[in-house]
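One chain, subunit A, links the two complexes that follow: it is found with subunit B in the first and with subunit C in the second.
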Partner chain A sequence: MSTTLVESNADVAGARDAPARRRRRRVDRLPYWLLAPSLAIIGVLLLWPLGQVLWMSLHDLRSARQIRGEQPWPWASLANYRLILEDPFFWRVLRNTVVFALANVGLTMVLGTLVGLLLHRLTQRMAGFVGSAIMLAWATPAVTGSIVWRWLFDDTSGLATWAFNALPDRLSGALFGRTDWTGYGWFNQPLLFFAILTLVVVWHSFPFVAVSVLAGLKSVPSDLGEVAEVDGAGPWRVFWRITFPLLRPVFGILIVLSTIWDFRVFTQYYVLAGGIQDRPTFMLSAYSYAEAFLIPPKYGVGSAIAVVLTAILLTVTGGYVWMMLRREDQR
Partner chain B sequence: MPNAPRETVVRGRRWLALPTAVLVSVSILSGCGGSDGSAGKPDTSKLVVWMMGDGPDAQKQFMDEVEAEFRTRHPDTDVQVQYIPWLEAPQKFQAALTGGAGPDVTELGNTETQGWAGQDALADLTTRFAGWSEGEDILPELVKNARLDGRQYGVPWYAGVRAVFYRADWFSELGIKVPTSWQELVDAAKRLQAAKPGTYGIALPGNSELPFYSILWSAGAEIATRNGDTWTSGYNTPAAKKAVRFWTELVTVDKVAPPAAAAWNEVDARTQFATGKAAMAFAGSWQQGAMLKDNPDLAQKWGTFPIPGPSGQPAPVFAGGSDIAIWKDSKRQQLAWDYMQVLLSKKNDKKFADSLKFFPVHKDQLATDYSSDRIMSTFAAAMQNARMTPVTPKWIEVSRNKTLTQTMNSSVMKGQKTVDQAVAEAATEMESILNSR
Partner chain C sequence: MRRGRKRARRWLLNGAGLLVALVAAFPVFWMVSTSLKPNREIFAGRPGPLPHAPTLEHYRRLFGDDVVPGVGFLDFFRNSAVVAVSTVLIGGLVALLAAIAVGRFRFRFRTSFLVMLLVVQMLPLEALVIPLFLMIQRLGLYDTLASLILTYLGLSLPFAIWMLRGFVAAVPAELEEAAAIDGANRAQIFRRILLPLVAPGLVATSTFSFITAWNEFMFALTFINDEHRYTLPVAMRFFFGRDDTAWGAIMAFSTLLTLPVVAFFLLVQRRMVAGLVAGAVKG
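Here is the complex of A and B:
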């Protein structure tokens, strides 16, 4: 009762309110202080270089001495962008990049989800075994893994060459029109090159998707699916009606991450293509590198290509995140 | 806004302070050393020398001897030699140029000297070179090749040319005589391939430009010619098409090299030959050591013959080799020049060339008799008919960045383009690069 009295007293209430508000404000600020170190690090390591690339893309930079600040930076406005957008080669590179990324995101997601579902059904020991086996692929450094894949497709002593040579001659001849695979250039045709590159990239990235999907499945009550099965829903229906909607946030983040990774594949490309010289198979990352760092360097043009790549990624991922958020709201 | 550009400059610099600092510290951590900013008398306690390649033992031993000789005059200077793989060199140079911490003295492939001089990376050696008596006998074409706009940026160190290595044991077993024309080369390759299952007639470096230039020149074509200020590519001509057709048909029609050869560089091709998978290979004299390392028995089995022309005349060859230059940012240029004089002295030049199976660059030393050396005699003869790639700082972009010639040939070998398409596209792109501002 005394409390009621005290609280009804405006003065006292006001006196109590002030420190409370102050305390609340302090609490409100705390998350920002906690975020500050990471923000500072991201700012220095990410935003600042990003801003710099943007700045460089607006200048005519052709000499390392300009980068060192010993020579002036002539303002180029949008000339670098105009140059690349008017070059038919850029559109070819863009097409390579987009088609490759779409195919790889799709394949990685499908394969990763299937393996995740499999892991969920396996006994604990078996799941542990399969899980660690696929994680080895994820854990293999990109360079090492890609070099091994390149050896597998070596034209004289690669496993692929050996395996195709081991096919019965008649079968091999009927299917591929050739029986002797020794000396066959596996990386000669752009389409075959991209197929092998897809194999390497998907091999590298599906384990992460599989394990994330598994983690998602573990956190969702499993009786829902069982009930649905009892009610006569097939696995296909159970997945699309129950598992997928429940795991939507997980899939969302996985698709965004895969998109980012597959748009800027570089290491695997560099190793399989044997460097930066096979122009028919260029993608934006390799193209940007070639313009900026091969001699004579064109830092401005290279930066402009990198900015275009970043803009595409921001649009794609931003659009996707927006879609996800909107769906969340509707629910 | 007359002030705008100026402000841009200043802001650009400030933005750059940090990455430059990072680059500098990275290069210091990775041991590149180089110029320190100390004012006044330069620090002469060390001299950083960059050498290309993986540093074979013979070269390391030679460099130790050069250092010993140099230190008799500069006892307090520690010479630090660092070996840089050929393919990594452009990145390494660029990082050094951007970060400010480079070598004092460096080796450069002789097709690249002009390009790096054009990037403002090399010190002007015109006066020093003119006052150096031992440089007088250096082959004039090689000296000219290290020049840009009349200034000397490099000094030729050694030269090397290519020929065909062949399995003399297989040739004599089958009674094949050494080919002297394109047709004989193809015939020999076909017979060898038929008689030795599992081997290729020729290990063709389809993704390399330098051996191909011999074929091009022997067909009577040019890479590019300058007329006033304008370059004209020689690729879209009947003679060049004849050369491209011959070179690519070794894969596509004659099938004496496999489809994979479209992507082979010279090291790939050399390895095929050294490991007994090919009967012939285009290779340079300096590659003997590496091939013998792969297969020591080769020494009793191999021979060399000049790259043949279309009809009996040996083909001209590209005069490969290296120059030595002083890094423009070096704070120890006089010390670096003192070192160069020791490294490039006639005596040391000959010693180096002999031990690594190159040729010295001095006219009088080239007159030495090589006829007693079964392998080197072929190369010595070819040296008499050596030529250079176009002398312009833009050439490096054609050769190392856009790899126009390599792409032209390999796209035909891969079946992506016809000869006519490939030469026309290469010619157009070459002219647009060579004639750009």
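Here is the complex of A and C:
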């Protein structure tokens, strides 16, 4: 608003170099026109739904006709939130989500960092080879990546079942208390299910961490570490005293991104669980989806769970944005 | 003595590298290998790493037979392609305009816009599926490919702008100023100077959008009901759960779904890393 005012004042004041002024004015307006389509798309498809889900969570929505706008939306105030917060099952789901996300972030970061450090020490050809191999894991779509793991753990012909059957009976019996693994329900026990899901998610996500850490290592002077090593510092000390502080910004962003991704895991969950009927292993995203879209639909309760998930992640995002801004300032 | 230790360390490092490569690539290898095995080998109970008698029967059946009556693999493939290509074309244009705005101009709210881009990239889309479902219903787009194109535009746009902005900013402004002095107008500067120089970035960004749209599962699961309009990831559902034993067919299907993504991905992976942790390294 104020720019427009200043400009119209300038219009009145200086009539002499009109071309230059017209040019400046166009420069001032053009970026907004260029941004308009993006703002429209982001506003309509991301920001508006964000408000909408909050609005829906405050209503009693239980039928598709309400969604289509053919029936009124009764105001429910905080009833949906009260319902989930008083339900012990919700707390179990929340615990599942948090423990799963933290475990996965930790494993992904440790494995990714180790592989990144390894890539940095390999010869260029070897690093290229290993890099392409881990890129394959990264590039595989979530759906097909998960389905391959389901096949590996198939209870009759899966490779894992075969491998466990191939163990000497005495060893297998002593370790696991069973020798015949054919027909074993790998996905039926919550703990085992989460273990396999962790395998899939970490397998999918460690390459990104490894490649980012490698990129970071390449950009910091390598002589520092070498000097310290000559001075007798072990690799553990070198990492924590030199490498880690130098790469702190990279690690910060990687941890935030991984946390956000691992809190939202849905596709891998859906494929491994074979749907979203498997309540004991629910995590927030699957729980919200199941409440809203399984029969009978409970769009209001599903929205409330979605709001809880969003609130948790926006808190994490706050940290991320703060870090990015601090970085921009340093430039 | 020292040389011997050094060589031992090199062997150890190479061994570790080989192990990492093997573990990372194994599931993909196993997928392709299974898809080429005849059924009797798949279910023989003695899995070998490579097919004994390689066969294309699973692929042939995938292309020959209908997956559900009246709908075949090629229908799903076409749906996926239509959705992904539309997303890329529309998204590329829109993102380019916005990237020019933030990469070339200083204006009020520029920083606010950039911060907003960062924040919306972090929104859990899983939490937006309910309100988007409502929007799609109200717009009368339920069960259409347009619903997916629209959704994927929203999903891919923030990152696309963020990534393209770097490419636009990397083009020296002096080139454009020189062209302006030579009398070129804005359209000419855009077409002759900026566009050719940003083209590689546009390719990288488009590839990313393509992969997002091609792989997406949850929204396609929610917005599409009619099998004729299923995209590839959702069509995988026909195989698991219902007929658990058709692993050869499932792996052939998975291979065909994965192939384009892997190809595109290897093309642009360097730029993707650069975009995601842009500037984090060199403060």
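Heads up, the rule we're going with is that the second predicted complex is superposed on the first by the 274 of 331 C-alpha atoms of A that agree within 3 Å, B and C clash if a C-alpha of one lies under 4 Å from a C-alpha of the other, contacts with A are read in each partner's own complex, and residues count from 1 in each chain.
Operating definition for what follows: a contact is a pair of C-beta atoms (placed from the backbone, for glycine too) under 8 Å apart; a residue touches a chain by one contact, two chains touch by 3 or more.
Not measured: the values here are computed from a predicted model.
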For A:V201, using the defined touch cut-off, is the partner it touches subunit B, subunit C, both, or neither? Pick first, second, both or neither. neither
Of the two partner chains, subunit B (first) and subunit C (second), which one does A:W151 touch, if any: first, second, both, or neither? second
On the A-aligned overlay, A:I84 touches which partner chain: subunit B = first, subunit C = second, or both, or neither? neither
The answer to whether subunit B or subunit C touches more of subunit A is C
After superposition on the shared chain, which partner residues are touched by A:Q52: those of subunit B (first), subunit C (second), both, or neither? both
A:P74 contacts which: subunit B (first), subunit C (second), both, neither? first
Looking at the overlay, what does A:Y289 touch: subunit B (first), subunit C (second), both, or neither? second
Mind working out whether A:R279 is in touch with subunit B, subunit C, both or neither, as first, second, both or neither? first
With both complexes superposed on chain A, which partner does A:L314 reach: first (subunit B), second (subunit C), both or neither? second
Now for A:V301: first (subunit B), second (subunit C), both, or neither, which partner does it touch? neither
Identify the residues of subunit A that lie in both the subunit B contact region and the subunit C contact region. 48-49, 52, 67-69, 156, 274-275, 293
Show me the residue ranges of subunit A that touch subunit B in the complex, using the header's touch definition. 48-49, 52, 55, 59, 63-69, 72-75, 155-156, 182-189, 274-275, 277, 279-280, 290, 293-297
Mind pulling up the subunit B residues that touch subunit A in the complex? 4-5, 8-9, 12-13, 15-20, 87, 90-91, 94, 97-100, 112, 115-116, 118-121, 198, 200, 207, 257-263, 272, 277, 394, 396-397, 400-403, 406-407, 411, 413-414, 416
Okay, in this complex, where on subunit A does subunit C touch? 3, 27-28, 30-32, 34-35, 37-39, 41-42, 44-50, 52-53, 56, 67-69, 115, 118-119, 121-122, 126-127, 129-130, 132-145, 147-152, 154, 156-157, 159, 162, 203, 207-208, 211-212, 215-216, 219-220, 247, 249-250, 252-254, 257, 260, 263-264, 266-267, 270-271, 274-275, 284-285, 288-289, 292-293, 299, 302-303, 306-307, 309-310, 313-314, 316-317, 320-321, 324-325, 327-328, 330-331
Note: in the complex, subunit C contacts subunit A through residues 13-14, 16-18, 20-22, 24-25, 27-28, 30-31, 34, 42-47, 94-95, 97-98, 100-102, 104-105, 107-108, 110, 113, 115-120, 122-135, 137-138, 150-151, 153-154, 157-158, 161, 211, 214-215, 217-218, 221-222, 233, 236, 240-241, 244, 247, 250-251, 254-255, 257-258, 261-262, 265-266, 269, 273-274, 276-277, 279-283
